[in-house]
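First chain written, first letter: the chains are A, B, C and D, and each begins at residue 1.
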Amino acid sequence: MPVIARSLDDALAPIVDGCVLAIPRESTGVAMAATRALIRRGVKRLKLVALPTTSLQADLLVGAGCVESIETSAVSLGEFGPAPRFTAAILKGAIRMKDATCPALHAAFQASEKGVPFMPLRGLIGSDVLKHRADWKVMDNPFDENDPIVLLPAIKPDVTLFHAPMADRNGNVWIGRQRELVTMAHASERTVVTVENLYDGDLLADRTLAAGTLPGFYVEQVAVVERGGWPLPLPEHYAWDGEHLAEYARLATTEDGFKKYLDKYVYERQAA
Amino acid sequence: MTPNEAPFRDEELLAAVVADLIGDVRHVAVGNASPIPATAALLARTRGNGRPYVSLLGSPKHTFFTDGGRELFDCAGQGRIDVFFLSGGEIDGEGNVNLVSVGDYEKPIARFPGSFGSSYLYFVVPKVILFRTEHSKRTLVPKVSFISAPGGSADNVRRTGGPIALITNRCLFSFDRTRRRFRLESVHPGHTLDEVIANTGFAFEQPPIVPITPVPSAETLRLMREVVAPELAEVYPQFAAKVFAVRKSA
Amino acid sequence: MPVIARSLDDALAPIVDGCVLAIPRESTGVAMAATRALIRRGVKRLKLVALPTTSLQADLLVGAGCVESIETSAVSLGEFGPAPRFTAAILKGAIRMKDATCPALHAAFQASEKGVPFMPLRGLIGSDVLKHRADWKVMDNPFDENDPIVLLPAIKPDVTLFHAPMADRNGNVWIGRQRELVTMAHASERTVVTVENLYDGDLLADRTLAAGTLPGFYVEQVAVVERGGWPLPLPEHYAWDGEHLAEYARLATTEDGFKKYLDKYVYERQAA
Amino acid sequence: MTPNEAPFRDEELLAAVVADLIGDVRHVAVGNASPIPATAALLARTRGNGRPYVSLLGSPKHTFFTDGGRELFDCAGQGRIDVFFLSGGEIDGEGNVNLVSVGDYEKPIARFPGSFGSSYLYFVVPKVILFRTEHSKRTLVPKVSFISAPGGSADNVRRTGGPIALITNRCLFSFDRTRRRFRLESVHPGHTLDEVIANTGFAFEQPPIVPITPVPSAETLRLMREVVAPELAEVYPQFAAKVFAVRKSA
């Protein structure tokens, strides 16, 4: 039965060195305070799987040396430019990249959600994305003639980590229309969530809220962290901190600048 | 360059051209950070009295999706997205798009963000409009280093979608899917055929006489400025302010 | 763009003779008033696909001679006993039955939703359900050794028909946590919905309601029919009419009794 | 039959036996119209101070599911359902379950509702408890007419689940998955081995001396009557009223 963790660090205990960690795209609810706590703890060799893209979260973790590999379909700071630490790490060969395409990641998570070993997907054939994925296969669709189709193996993360507007004391988490968070939790062995605040009551008891709720059954840990998505947005709650992201994009272009950023925003601001 | 005295801006010309390419369809989806395609899609909707549906993916307010991030791709797989826009770090003469890296994939000399949904949407969206404002030999190359999404496919590969055109700051190309080649359709006012040839890294077809891209009509400009711009300001406030001098409505 | 139909009959126009009609299980929101209207209109040769089971709705349509085939995993009146007209039709060989199992139907609808030709599913091997489904295939899982797995072809209904609590004037329909209704609409060419009442506003504009909303984009027709699910339940709105269902179960055991039921509740009560 | 002076009802005995079969697990799911398994699951939860999670599928109030009808099956496919209950129009000695029809499938002489989720859940839920109160040669047959779900599978068929026991109004069988046979574990008080043999259509193993099913302890009866019954009344009001004389709580 999930409980509200005594501290953010307690909640993050399931995220151990070397684990496969699933994280959502920037616009869905990224657990940034938790990410800074993981860097402070010095987590190592994470195998990140970002559904389907990632931005500051992966760039920070890569820059801080926490990442062994990333499977995703894009890493970028969006309007704030390329992801500088990710780009540098790729050019140095410091991390392993598993380039994918968005719907392939969605399908591979759904495969785990459904307990099947693979999912088929159209497209991809003739691309170098497919060419560089030895773990993906092409078969002939047995329901048609001469119809090659790609099969993607299920992605089974050890832990999913995200940030959401609220949870109740049973660990039910309100995710609204960000339904890939439900699929991620279903597909993962464990799920750790940070939330803006606690809902006083049972989210499943209200028929309107229940429609947007991930049941606590799938949730291992919940920690309350106000503005836990900062400086990224929390959908329909707060927007980007554009000034901060611009500062990050500027500092992180060099290794030294990135270290300054870490000192200022990760190590010194224990509570941020 | 458009002469200073021109009655419209470059962005308005491009949006008008793209709106015509969209044509009469049910649903246009526009990716993040694409203000000109967004302007074109909203212009098409204004002309069509509410048709097509326009999904601006950067903005939850401007999509109807309620089934999470997969819905865009599921929707496309169902054949319910008619037009989409793609760009690329590199685009080559066969319509291949590169969003990943330059040089050897294992030891790249440049890295882009990644393929996003291109490796799928290029196959299943009937009209994909390639959009790259920087028209140079760096972006329009003989052969991309990495194929995020191929311009064409073997006959036995199920494919209901693909590129129909490439629009740049200098010209408009159409794409011939059978021959897998671009054809120059028109050169934008203020630009020249020689300039297009000099700045394009791939070979392309061209008509004996290359037309000038038609300028937007007065009515098109009125709709863009009076109806589209205020809507656009919700999603692209900086762009709307710059191009249309419109501020986000209250 | 969907509009609110002028009449229930107008809304049902897409449901033509011979079409593949997808209907939901009893507890999800069954369009019973619409079903009675279809019987009055005399629809013929329906190929019903019930996700994943069905009760009174299919029994009525079968008894009234509207059905050519049913694909589902169970037809029953639940606590009110077997489905009498369905049972009689099967014993007479009057309809074609495609016996399935619940998760196979869910997966086959999801295949259409995702635009893929098939979906894999565990289980089934060694069952007579599989044996009698020539359209299902067994393949070796290419990601493992000696691992047979069933592949199910996508189910692509012509029309999905269901009943829901409310819709707005843009055709957005609030379905709450009955999320298979979303999958059914995604998988179907067209979707026809009856609702208890109209919501005055935009369901997508409210972040809490939006989480349980099927967008009007997928909806072809909406008709307002108060108590349109009667005598079946509408989740969290009204329960079964147990007395009525007991009466049905009693009358429908004979062909004559069933005719009396039709006369009393379908043909004479035009508005019911 | 339980003698009239017995301090418990048949339903209480069966529920107590099933609760013990459930054991220490995380999640028990109970299908529609299964009041005795529901009682057993709630009893197990009461004893476990809230563990296991209990999903009563007949009642939206008593399931946590929010992802539609597929969530039960996805949850099972994820390995997150530990115990489920199945019944059958026919059950045979190899643990095969028939929920479809009797006689030739194309020209049946009797038709049941259909296989529901059995053809899947029997493969993926580790502990499936077969439950059939009518213990007769009509229900417990030598060979089912139609296999909705097979009791056992070939070695190369991935299978993490299957039957562990069959409980009837007369006795409790365990199921040996390796040998694919039932074994008589105990005969309920008031019933006899001869009666079980006479009413069972399939052969089964039996110990040299067949025990009598242990009667529920006073504490078990107290928990069932005082804690479980009021909860149960929310979902199965008629059953709770009949067995426990409890009315639905306000």
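As a convention for this text, a residue touches a chain if its C-beta (ideal position, glycine included) is under 8 Å from a C-beta of that chain, and two chains touch if they have at least 3 such contacts.
Quick caveat, the model's predicted, so the values are computed rather than measured.
Shared contact partners of subunit A and subunit B, listed by label, are C. Farthest chain from subunit B, judged by C-alpha centroids: D. Mean C-alpha position of subunit A lies 41 Å from that of subunit D. Remark: subunit A and subunit C have CA centroids separated by 36 Å (rounded to whole angstrom).
Subunit C and subunit D, compared by their mean Cα positions, are separated by 29 Å. Residue positions of subunit D touching 2 or more other chains: 65-67, 73-74, 77, 124.
Counting only residues that touch two or more partner chains, subunit A has 110, 114-116, 121-122, 147, 149, 177, 182, 210-212, 236. Taken as a contact graph, with one node per protein chain and an edge wherever two chains touch, the assembly fits none of the named shapes, being neither a line, a ring, a star nor a complete graph.
In this structure, the chains touch in the following pairs: A-B, A-C, A-D, B-C, C-D. Those residues of subunit A that touch subunit B in the shared complex are 24-25, 27-28, 51-53, 72-76, 78-79, 82-83, 86-87, 90-91, 93, 99-104, 106, 110, 121-130, 132, 146-149, 177-183, 235-236.
Contacts from subunit C toward subunit B in the complex involve residues 1, 112-116, 172, 182, 186-187, 204, 210-218.
Only residues 27, 50-51, 53, 64-67, 73-80, 124 of subunit D touch subunit A when the two sit together in their complex.
Those residues of subunit D that touch subunit C in the shared complex are 32-33, 60, 65-70, 72-74, 77, 99-101, 105-124, 146-150, 153-154, 156-158.
Within the complex formed with subunit C, the residues of subunit A that make contact are 107, 110, 114-122, 137, 139, 141-144, 147, 149, 151, 153, 175-177, 207-212, 236.
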